Amino acid sequence: MEIVLNPLLNGFVYGMLLFMLASGLTLIFSMMGVLNFAHAGIYMIGAYVAFDMSRLIGFWAALIVAPLVCAAIGAGIEVWGLRRTHHNGHIAELLFTFGLFFIIERGVQMVWGMLPVPYRVPALLDFPLFRLYGVDFPAYRAFMLLIAGGMLLAIRLLLTRTRVGLIIQASLTHPQMVSSLGHNVPRVFTLVFAGGCYLAGLAGVIGGNYQVTEPAMAASLGPIVFVVVVFGGLGSLSGCFVSSIVIGMVQTFAVSIDGSLADLLGPIVAWIGTDNLAGEILSIPVSRVGPLLPYAMMVGILMFRPRGLMGTRDT
Amino acid sequence: MNEAAAKPPKRSRQLWLWAALILIGVAMPWVFYDWHTARQSGFVLTMMSQMGMMVIFSLSYNMLMGQSGLLSFGHAVLFGLGGYCTVHFLEAAGHHSFPVPLELIPLCAGLTGLGFGIVYGYIAATQRATAFAMITLGLGELTTTAGIMFHHFFGGEGGISTDRTNASSLFGLSYGASVQVYYLILAWTVLAALGMLFLTKTPLGAMANATRDNFERARFMGYDPRRVRFLQFALSGFFAGIGGGLYAITYEIVTYDAVSGALSANVVLMTYIGGATFFYGPILGAILITLLQSGLSLLSNAWLIYVGVLFIGMVTFAPSGLAGIIGAHGPLARAGRLGRLLVPYLRLSIPAFATLIGFSGAVELTSFLTIGEAQGKHLVLFGETIQVWTPQPWIVTAILLIGGGIWLRRECRAFARIWDDLNADLKDRSL
Amino acid sequence: MKKYLRCLAAGALSAGMCLGSGLARAEDTIKIAFIAPFSGAFAANGDAWLKMLTFAMNNVNAKGGALGKKFELVTFDDKIQPAEALIQLKAATDQNLPIILGGIGSNVAAAMEEGVEKYNRRNPEHRALYLNLSALSMPLTEENCSFWHFRFASNVTQRVASLIKGLPKDITKVYLMNQDYLYGQGVESDTKKFLAKFRPDVKIVGDEFVPMGKIKDFSSYIPKIKESGAQALITSNWGPDFNLLMKSGNEGGLDIKYYTFSAHLNGGPTSMGPEGGNRTITVLEGHDNVGADNHIPTAEDFVKRWRDTKPGIDFVWTNFQTTFDMLAAAINKAGSTDPLKVALALEGMQTTDIYGHVNTMRKADHQIQMPLYTALFTKPVPNDSEGTGWGWKTESMVSAEDLTFPTACQMKRPDGT
Amino acid sequence: MEAPALSLKNVRKNFGPVEIIRGVDLDIARGERHAIIGPNGAGKTTLFNLISGRFPISSGSIALNGTRIDQLPPQNISRLGLSRSFQITSIFHRMTVFENIRCALLWSSGYRYSFWSPLWTQKALNRQAEQLLDELNLASRRDLQAGLLSYAEQRALEIGITIAGGATVVLLDEPTAGMSHSETEYAQALIRRVTEGKTLLMVEHDMGVVFGLADRISVVVYGQVIASGKPEDIRNDRAVKEAYLGALTE
């Protein structure tokens, strides 16, 4: 039990962080067809802004303000950038966000320097909440779960109970339909993009001190978020949620497995020997390749089911 | 391809242009020859060699991006694997078990690239558009990590190295001197470019364009778009492999950087900035980006920002890249009206220059505020240290940037009017 | 108004802005090339290295430099890419800068060592000399060793040996965790080797490899470590892989010591902060409190002058000073900056470092032999690191003699030497 | 006896719970010009999509010259000699008009996926493409990007692409939709000319075109063929009248 429960809990926390990032991305992707490469960049900005603000006005105020800053940046990007490239097609939009990511990454280095900044968990939450088989579970992680859960609830309510939410929901599955119904689609686009960036910013605020706030944080998390979104499927928030948790779990569980293919195929490996590439690949334990599994999963699912786990449309 | 339909008189002119470009390539090492020390400029040679292989690489990328409408984020995998194999070939040549002269080793690298292209292409070509992009991203990530993890083939993060003089030569050259390697690269670049140009004029090339424009229609004409994508991917792997082989021959070491996402991203930038809709666009892009990378990075720490802004600017305002901008002047040039644009261009250039300076000033000042500070450097111009903490330079920069920007906007509108008038006039006459 | 005009003129050229000390250079200097990443993921290291190097160089210049000339650094950006480093190598040799400093990133260092070796073979009239400041991987001075490469930092084996020798007697159970690439694998095998040799009483209760830079949450490792009953974790993880590991450990209530190799590098103390206090031990060439701890006036003066420049980081690479001291001595001895003569002069050279120890450049493999320290991140200390309030306090020192190991290097020497 | 050019047997198609095509039986003889008419949303275009393999059918069978084609992907159906056009113009926008036509000729000329035969030396192929351009009256637009053509010209190109490959069975989906009166007349003549000797199945709203071209007409309403016969029979069919009037009064 203890082998399972701890990774389960931690995988869940990590999965929730992924979900906060991925939910915004999936909203943007499903509706506008743009895989926003700059999304993880916004996450990073969120973390850095929160770091600065938590020193000026405290963590709790930063929790409110920093995501709003990110939302404003997102709205700006949509209005002054993406909208202008829209008529050149999705590829151009994707490349636009791709270039934007370059600039954000370098810009952050220019403004905040290249070294990690000491963005720490607020003292109020810096205590172990409970012990599980001798390992502490920090209160901050519980707080993260709380925020992520609250956010999930808020998105659900927003999408199902408000007019804007209904339009967005319809746009997720039938983007052309909604625009032909005469809704101001550009405004909805801006709203969704800003909303997605808000979520990324919020993830940055609570993820920045859960991990390390440094200029490489975006580049290292970005691809994984893509994997989550693509794996979960286009136009499906629940798919996104499931795939976030699955990938969070896979990444955390894989490291606790010490076996390798060689253990299963003992005699064959003995015959091949470990002194060549094939033997080397076979004798690598699962715990070492664990973090690669999501990519393999993504490639696999795209080959055979391009709409992802629970998607409504092909990617 | 637009130029496929180029009119005969233009084609001969183009031919001269290409001949001139090759001639420049041949002459370049001697322009930078240092007669005092009787040495070639190693920097220029290496940079030109880099340009050569990047030209091949980005042209091969454009077989996917421009010609087939496939956005790959893992193209460096094919390039780098070609490079890795070349190192192994050269090592084998050192043990006399690989009797291929150095001149032909890029061809072997190309064949391995083709092999990997077939394997990766089989997986990636199942999808198109964003799904294709994501598959290539995943494959690239997997391969890069494998490159760091496995030692027998990839040599870990230290990479594997070799000696190009191991191999024999058809012409009795040693290939010790970089200038010999440079000419080898130049020859292969020309060959590969011709090869890829040829491919655009074949049924497969035509169908690649067709599936790019409308893959569904292609199916109703009897073609399987997946097969077209697959063949195009594999063939582009062949040329990327040649590029990788030349990389291995030039640097004699291949590390995981050669398969990494950074290089894959770079080739996207090169191809797009150069212009993916024209065959020759990536050539321009590769040359420009290599210049920026090796040249601008000597001057400014923030060179990546400039490249990023250039890229975004291109995506937003000139989606057909540099080649597109040049191409747009074609009709006017043929009509002999290019002179009419001289004054508007001059008018445009002043605010553009001011904005550029304001922008780079802002970037450099910010960069010196943080990074420069970290390096303990000072911003020095004309022997005078600029105090980045004083307001004057910031005010000047802000005036240039904002004022120049507003002025530029106005001039741009005026320019657009003149441009439209001229083109409309031209159209009227031709009808 | 005039001032503004001048600024305008200055702004007019800011597009083509120059790095560093600018255009008005005195011609009569010995220029040294420094090829390092100034952009990309490792740019922070390039910056920090440059700062320390410049300080070390100024110290030598203050004593008169070499051959009556002052030293000057010319920087080249390799973007932590081997290919780019080789282009910049050509740029440096074009500018007749035969002496090249470098050493950030083992991949780049391996490419540079090979590149210089081949370059010298093919251009015997214009050779280059590669002085490696900080790339630690073993092959550089073992199977790939080159006459034209000198390593001015202790290598992986020496570092691991000093860590094992400095391991307190009461620690009997250790857990190994290393990144899954050449460096981490080297540390792991050396750790096992030296534990068996020097500390047969210590039991290895866990041995783990993690993929580099891929793990975002180390908490799944914590139960494993806890369960193993380890008292200490020996890890070569650096950057986020170390910081995240310790963060997860602390949050999970893991009460063990972390024996590391890189926690002292620039940015390390900031990211550890109080969380790393009294539990992080690192192996280093020196730190800002060695002088104060042992009352070495030269070192105290050195640190004081260093801190007066407000560098924001500790001077942990004390071997940078040794590098410049040796280089100046070698150039004086050779009477020129000819790479071959300087290289021959460097072989077997001995100088005294700022702590008063004798450092030797071994002829057989061009590997410096110098003492190493292990230090604990603690407070209070005379000089704290990066303004955190915490700093390094020496735990143990292992002399150069104890870190001298046989080499497998079979160096191909130039003809007639 | 010779198998019909196209034979549909009890073809059904549902999207989710909604059945769009509800058991269509249709035989089209070789060389016949057959028009399908019916109110909007009757499932005419869906029927085309099923025949040409764009969507898989839910049940039933479709045979082309006696060969089952209902399980084949579109490219294989096309190779068996069935070609179709689209209601929404579907051409290669960024290629020239000439290249559009030449691409459509490639498979049937046996080039397949060749990457070794340079197109500029393929005299016969190029001549054939030029000829077709003349036939389509598009010769003057030869080197223009297809996306820049006028609407009527694009429709002509659409038909050109459809018949270029030498298919024996041609499906045209509203070839004259959105055309002016004179354009329609021109298109009608064009269709008559280029489909000479072929089996033609077309969906069309313009009754002038339908009665001008078709040998036989089928009426599709709510996913079923309610009537099929000679033009004059259809004109007098009561069910058809009801369906149409019903549709109009809705």
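Letters A, B, C and D name the chains as they come in the text, with residue numbers starting at 1 for each one.
In this text, contacts are C-beta pairs under 8 Å (C-beta built on N, C-alpha and C of every residue); 3 or more make two chains touch, one makes a residue touch a chain.
Just so you know, these numbers come straight off a predicted model, no measurement behind them.
Participant: Could you tell me which chains make contact with chain B and chain D both?
Facilitator: Touching chain B and chain D alike: no chains returned.
Participant: Quick check: more C-beta contact pairs in B-C or A-B?
Facilitator: B-C
Participant: Measuring between Cα centroids, which chain is at the maximum distance from chain C?
Facilitator: So the farthest one, by centre of C-alpha atoms, is D.
Participant: How many angstrom lie between the CA centroids of chain A and chain C, rounded to a whole number?
Facilitator: Taking the average C-alpha coordinate of chain A and of chain C, the gap between them is 35 Å.
Participant: Report, in whole Å, the distance between the mean C-alpha point of chain C and the mean C-alpha point of chain D.
Facilitator: The separation of the two C-alpha centroids amounts to 73 Å.
Participant: How many angstrom lie between the CA centroids of chain A and chain B, rounded to a whole number?
Facilitator: Distance between chain centres: 31 Å.
Participant: For chain D, which residues are shared contacts with two or more other chains?
Facilitator: Touching at least two other chains: none.
Participant: Residues of chain C that contact two or more other chains, please.
Facilitator: Each of 43-44, 47, 180, 211, 214 in chain C touches at least two other chains.
Participant: Give me the residue numbers in chain B that touch at least two other chains, ranges are fine.
Facilitator: Residue numbers touching two or more other chains: 145, 149, 151, 302, 304, 371, 374.
Participant: Pick one for the touching-chains graph, please: line, ring, star, complete, other.
Facilitator: Contact pattern: none of line, ring, star or complete.
Participant: Going by the touch rule stated at the top, which chains touch which?
Facilitator: Listed in label order, the chain pairs in contact are A-B, A-C, B-C, B-D.
Participant: Which residues of chain D touch chain B in the complex?
Facilitator: Touching chain B from chain D are residues 52, 54, 73-75, 78-79, 83-84, 86, 90-96, 98-99, 102-104, 106-108, 111-120, 142-143, 145, 161, 165.
Participant: For the complex, give me every residue of chain B touching chain C.
Facilitator: Residues 37, 39, 41-47, 50, 145, 148-149, 151, 156-159, 161, 163, 176-178, 247, 251-253, 255-258, 262, 293-294, 297-304, 356-358, 360-361, 364-365, 371, 374-386, 392-393, 395-397, 400 of chain B touch chain C in their complex.
Participant: Report the residues of chain C in contact with chain A in the complex, numbered from low to high.
Facilitator: 41, 43-44, 47, 180, 208-211, 213-217, 219-224, 226-227, 240, 243-244, 247, 251-254, 266-267, 270-271, 273, 388
Participant: Where on chain B is chain A touching in the complex?
Facilitator: Going by the criterion above, the answer is residues 69, 71, 123, 126-127, 129-131, 133-135, 137-139, 141-142, 145, 149-153, 265, 268-269, 272, 302, 304-305, 307-309, 311-312, 315-316, 319, 363, 366-367, 370-371, 374.
Participant: Which residues, counting only chain A, touch chain B once they are in their complex?
Facilitator: It comes out as residues 33, 35, 81, 84-85, 88, 90-92, 94-96, 98-100, 102-103, 106-107, 109-114, 223, 226-227, 230, 275-277, 280-281, 284, 288-289, 292, 295-296, 298-299, 302-303, 306, 314-315.
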